[in-house]
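Labels for the chains are A, B, C, D and E, by order of writing; each one numbers its residues from 1.
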Amino acid sequence: MKLLQVQNLNKEYYKGDKSVIGVLSDINFSVKKGECFVIIGPNGSGKTTLLKIIGLLELPTSGQIFYDKKDLIKISRKKKVEYRRKFSFVKQKPVVRNTTVFNNIAYGLKVRGIKFDDYQKSVDEIIKFIGLKGMEKQNARSLSGGEMQRVAIAMNFIINPEIYLLDEVSANLDSMNLKLLDEFIMKIKQDKEKTIIISTHDPLEAIKYADRIAVLNNGQIAQIGTPNEIFTAPKDEFTALFVGYENILYGIAELDKATGLSKIKVNDLIITASSQQEGDVKVCIRPESIGIVKGPPKNTSYRNTFKGIVENIRELGNICHLIVKCKSEKFLITITELSRKNLGLEIGSQVFINFKATDITILSS
Amino acid sequence: DYLNAQNPEKITLATTTSTYDSGLLDFLLPKFTEQTGIQIKVLSVGTGTAIQYGKDGNADVILVHSRSREDDFINASLGVAGVPYGIHRACIMFNDFIIVGHSSNPANLQTGDNITKVMIKLRDAMDTGNMTFYSRGDDSGTHSKEKTLWAEIGIIVETRWVGQPDRYTETGQGMAATLLMTWEDVDAAHEGYTIVDRGTWFSFNETYTSLKILAESIIGEDLLLNPYGVIPVNPVLHPHVKYLSVSRFIGFLTSPYGQALINAYRKNNAVLFHANFGICDVNSSCPTTDDEIAIWTPFQAEFAGLTV
Amino acid sequence: MANEIIEGILEAIRLIFTFDPEVWGIIEVSFRVSLTSTFLAALVALPIGSFIGLRKFKGKRGVTNLINTFMGFPPVVMGLIVYLLLSRNGPFGTLGLLYSTTAMIVAQFLLAVPIITGTAKAAIESVDPALKETVLSLGANERQLWWELIKHSKKSIIAGFLVAFGQAISEVGAVMIVGGNIRWETRTFTTSIVLQTRMGEFGMAIALGVILITIAFIVNYGLTRLQTGAD
Amino acid sequence: MANEIIEGILEAIRLIFTFDPEVWGIIEVSFRVSLTSTFLAALVALPIGSFIGLRKFKGKRGVTNLINTFMGFPPVVMGLIVYLLLSRNGPFGTLGLLYSTTAMIVAQFLLAVPIITGTAKAAIESVDPALKETVLSLGANERQLWWELIKHSKKSIIAGFLVAFGQAISEVGAVMIVGGNIRWETRTFTTSIVLQTRMGEFGMAIALGVILITIAFIVNYGLTRLQTGAD
Amino acid sequence: MKLLQVQNLNKEYYKGDKSVIGVLSDINFSVKKGECFVIIGPNGSGKTTLLKIIGLLELPTSGQIFYDKKDLIKISRKKKVEYRRKFSFVKQKPVVRNTTVFNNIAYGLKVRGIKFDDYQKSVDEIIKFIGLKGMEKQNARSLSGGEMQRVAIAMNFIINPEIYLLDEVSANLDSMNLKLLDEFIMKIKQDKEKTIIISTHDPLEAIKYADRIAVLNNGQIAQIGTPNEIFTAPKDEFTALFVGYENILYGIAELDKATGLSKIKVNDLIITASSQQEGDVKVCIRPESIGIVKGPPKNTSYRNTFKGIVENIRELGNICHLIVKCKSEKFLITITELSRKNLGLEIGSQVFINFKATDITILSS
């Protein structure tokens, strides 16, 4: 079901010298209810502008945005408030009101007419969750970069919107707080009623969260697809260069009590990982992490070894990309040209691929 | 305030600043209120404004000193559709104008100079650049009087010294301010002279000690006299005015008691105003007609027998 | 010179501490009229000023100009206009409001509105647009946004209010015309000072000025606490 | 009512287009005096206001209060004080400045300084402290920082300036006392309006008011372009 | 030579409820001229506060900062401007003046009294360098997050200060612009007269730039040392958890023309990498990237294989850390406990370590 549909969207700005510059041109995509849609693109590609237009904070020069078949661009000022309340918007540069942390987080509820007694508990809870317990009364303007980012996240998450718009939401967060953010987002993803649109310039973030990815380049959409499509089969050079490559597999993880490792069933392969996840997961293996050996390896620390056939070879200077098919799964592998020559690899060669249980990233999906 | 406006026991008097600032009203009015319970709100403004307030019906009674404009005020043909703005003027008192200047007296005014001579001397001194005449230039009673005096020697001030404030300064302000400016002008080349009513002069003569009376009315000359008239606003034109209370007020002012009070008022030990209701000789400027006397006499009864 | 000023200050102290009823009456009228008119003006001007500051519309520059011009509307002329309106033969003459404190409040209100409108507009326009976006994205409606921006530019808005109050309390042209400077009723500090000046009582005029300034200082103290307070 | 106002407007048009020399003289005096005094006041008040806004020091609240109070300094009293200073037996009597436009400029200058100081202070204080930090870190000295903040809060500062100018051009108490309302010399719009009012010539008074407002509108148009301009 | 010396620095703030909170306590360190000193710590640990105090933008509650033996805390307001001009400060949240990109970048030069004609060229050049050519006249406030960050960097780099203070300078930059930043910083590092102090919460950034690292935890310095010390021998659990582990080796790279690969001499080891760097380099190998085999591997794509002895084993649940010494270099390796058991690894075991040429990061140092 298409919840949000962006059609023929254009946005132009006047530059200082009054010449017109197109920032977004002919943007078309739609987002389904319950989906996590990631917009990835380099600096200045128009991500923030696009999110702002969707969030009804800016007007497009032309084009439509349908929400449940209603064109949001055309509605009245008053109606806009109503629709804006269906969105939350974590800004790239968080701005907080000149008041306490508590009041900032409570604001979204307050403007919706909720009474103090009714929101106090949930605000306290979320403050605890983002690790700012004890700072409720501090003026939010005096927070550190990461603290403020967390307040901005809490501010927007507490209002429990239909659609979350997150603009480079992980900026300024350290590794621990990134995990917190992951938890937040995963929780939302579980709720099939909630839709997420994230913008980022970080391919890893896109992999982490995306059900689908749109690659934005210079105000135009270069490619839309699943993470696997984007990362293993980029349509153009820009996408290839910008997002890089990554093996992304979907599987079901089971914890092996004896070893403390996860066994992940990916179609007809079983992959071992040191993370302790269970259930539906995404397995990410960097093409650089996979090694190739000719004979079946023995006595190694590589927990994952699969037999496969080289399906394709792309030479890229001193390195090359191999596509190796192991049973029904394909792997993208980066090796040096030297290795390829030494091993005498050609299309059709039989090889064994090797990767460590500690060297894969498992994301719940 | 709204209620007060409906209350006939409160009337509004529009008057010129000279009567109010001299303190006379603060002396007289409580005595009236004491007798009648009628309170009087005083609007002390310029002559023109006081008359305008009367015309607009915003005052119940006016007290001014500009004979020609008073005449216009009660002139039926200048009213609204043949109804005059005011009726039954009563002249209640007068004082006189004097000409003051710095003691160095460059115009060389002498005691005993009659007014024509004074004006000629002033004109000559102004023309030679030895002095400046400070005129109120505000169409007030005093200003009208001044213009009349110049007219006596054939001068129309509007054209004579136009754009020459060194010789003829129009202050456009009240008497006090004009007197002050006359005093401040110490430029030896052209020292200041002005015309002032004696009432105001007595409020300041101890402050501006370098100013002296250089010319005043000589007996038998009424040109320098300054009669004050009180006129009720015409209730035909403005039905809301409290004509009855106003009549009692005028009865008070014109009664022997009121007249005696006026004569008794002193400031800096000087008599400022001379009561003259019903007196008809040259020295009182004789402004009240018999008709007017007849109208107000009944209202004086209320105050009979009272003494100062 | 020194004479008059020292004399004025001593007289001021004497008047205050002898609880001269006339002086206290004047204090009451002055502050009641000016505070009421400024507060009423703020009620009207804040929404208007912030509306103009917030929205973009055709003719905005013209409106801005007009407001700026009306910031310097001569009080005397305003007094005259209100006089003509409230005059017995004017449109509202039957109300009998002329020469009352109500009339004075009306005149000062009209003078204060453009001042507060203009400063509020400028203050609202100076707010970082990013804050506006944030507040909107959190679901604020126009009224809530407006209140947020007002709170945010509190300092400048209070400064504007203080200017308007200052002008009101020190204004003389309009209150003189529509109030009439009636003793015990509509006499204010400023009309009283004018009267004393006219009568050559400079010492007394300065005494009244000293008292006015002193009380204004105390009133401002309260308002200023808002300004330098919480923020 | 309607009479006087229409009559006033017609009279205003007539006066302007017959190039009445007296009216043009009044225009010249009014605007020269008020623009000069406000500009001079801005020169003094902007540094003071921003200094107070920028720095933290002991007694800042007291100073703020004082400024706010002086925003409402009664022009009549200011007129009196300047009069006493310039009077023949005052300390500056020998300068012979009384009843000159210079004296009027001095009085209006003193009235405008607190207004511009107060609004500038509030405007500077409303600037995001992060901008201040950035400018300092780029190596700006105090003067350069100051100028940056002034530019940044341009809108509110111009609003303050416009308020001060508005008050100056419409002020009457002080210019009347120290200028003397001398015809052909120190007569301004407002003193003239007062004179016409005293004379009961309400129509003429309104005519002058209309002219004043019209010219003020044109002057403000220029100043407002600065405010809504580049920014 | 100690250029900057921070002594007994404390900073306290008042919280909303007027209670005092210590943000920095007893900070002591010194920075040498020409050094790149990285302060790493989680959100809210006090990095920004510390940099602001050093940059004379905030006063400490107590303590001294000596610059060339002069105590900067005690000097006059006027002198402060003079010293502030020796620093540049890229803020965590860039703030730009409400004017064009050009004027913003030129500002630092302008306030130093340099004339338009003298700075125009260098401003144009740096604008080109940061890829904003054509946007000179755009108001800097309307820039995208990454563009603004680049302007902030250019603004601060153009003034050519003695000491660069960079607060989370890479935030908001996409991968391409990150490379640009690297270039900038490397260029400065080459100039031995210039000193850099960087704050970050990203261990990889610390590795990339640091000559020395200070780990900040909760306002206190947990450890100061070289990247290698910090990443392989964290002194406490906090540091270990926060910075993670990384093998960092210093060597000299030579390009092998025939293969297009680099040969890096690290003491007595030669490491092959697919990057084409030359000269002094830092070699970073993630502990997860290294595999272990018992016998000498043959016919594999692993370009780097070294014989070594297990020196130490640390068990961490289902995974463990091995320290393997190969000739004179030590490697930290993460493998699963299962692998360790399967391979029967003990302290003293002889093993071969394996890693791919494509799976190492080479940084010039």
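Assume a residue touches a chain if its C-beta (ideal position, glycine included) is under 8 Å from a C-beta of that chain, and two chains touch if they have at least 3 such contacts.
All values derive from a computational prediction rather than experimental measurement.
Chains that touch both chain B and chain C: D.
Taken together, chain B and chain E share the touching chains D.
Here the spacing of chain C and chain E, counted between their Cα centres, is 59 Å. Per-chain Cα centroids separate chain D from chain E by 57 Å. If each chain is reduced to the centroid of its CA atoms, chain B and chain D end up 37 Å from each other. Residues of chain D found to touch two or more other chains are 87, 128, 177, 194, 197, 202. In chain E, the residues that touch at least two other chains are 93. Multi-chain contact residues of chain B, defined as those touching 2 or more other chains: 174, 177.
Under the contact rule defined at the top, the touching pairs of chains are A-C, A-E, B-C, B-D, C-D, D-E.
Residue ranges of chain B in contact with chain D, taken from their complex: 45-52, 137-140, 163-165, 169-174, 177, 181, 183-187. By the touch rule above, chain D contacts chain C in their complex via residues 1, 4-5, 60-61, 64-66, 68-77, 80-81, 84-85, 87, 89-91, 115, 118-119, 121-123, 125-126, 128, 153, 155-156, 158-160, 162-163, 165-170, 172-173, 177, 189-190, 193-194, 197, 202, 205-206, 208-209, 212-213, 216-217, 220-221, 223-224, 227-228. By the touch criterion given at the top, residues 52, 55-57, 77-78, 81, 84-85, 87-89, 91, 93-98, 107-108, 111-112, 155-156, 159 of chain E touch chain D in their complex. Across the interface of their complex, chain B is touched by residues 87-90, 93, 95-102, 180-183, 185, 195, 197-200 of chain C. Per the touch definition, chain E reaches chain A in the complex via residues 13, 15-17, 42-44, 47-49, 92-93, 100, 135-139, 142-147, 149-150, 168, 171-177, 201-203, 242, 244, 259-261, 272, 274, 276, 286-289, 291-295, 297-303, 317-319, 333-340, 343, 354, 356-359.
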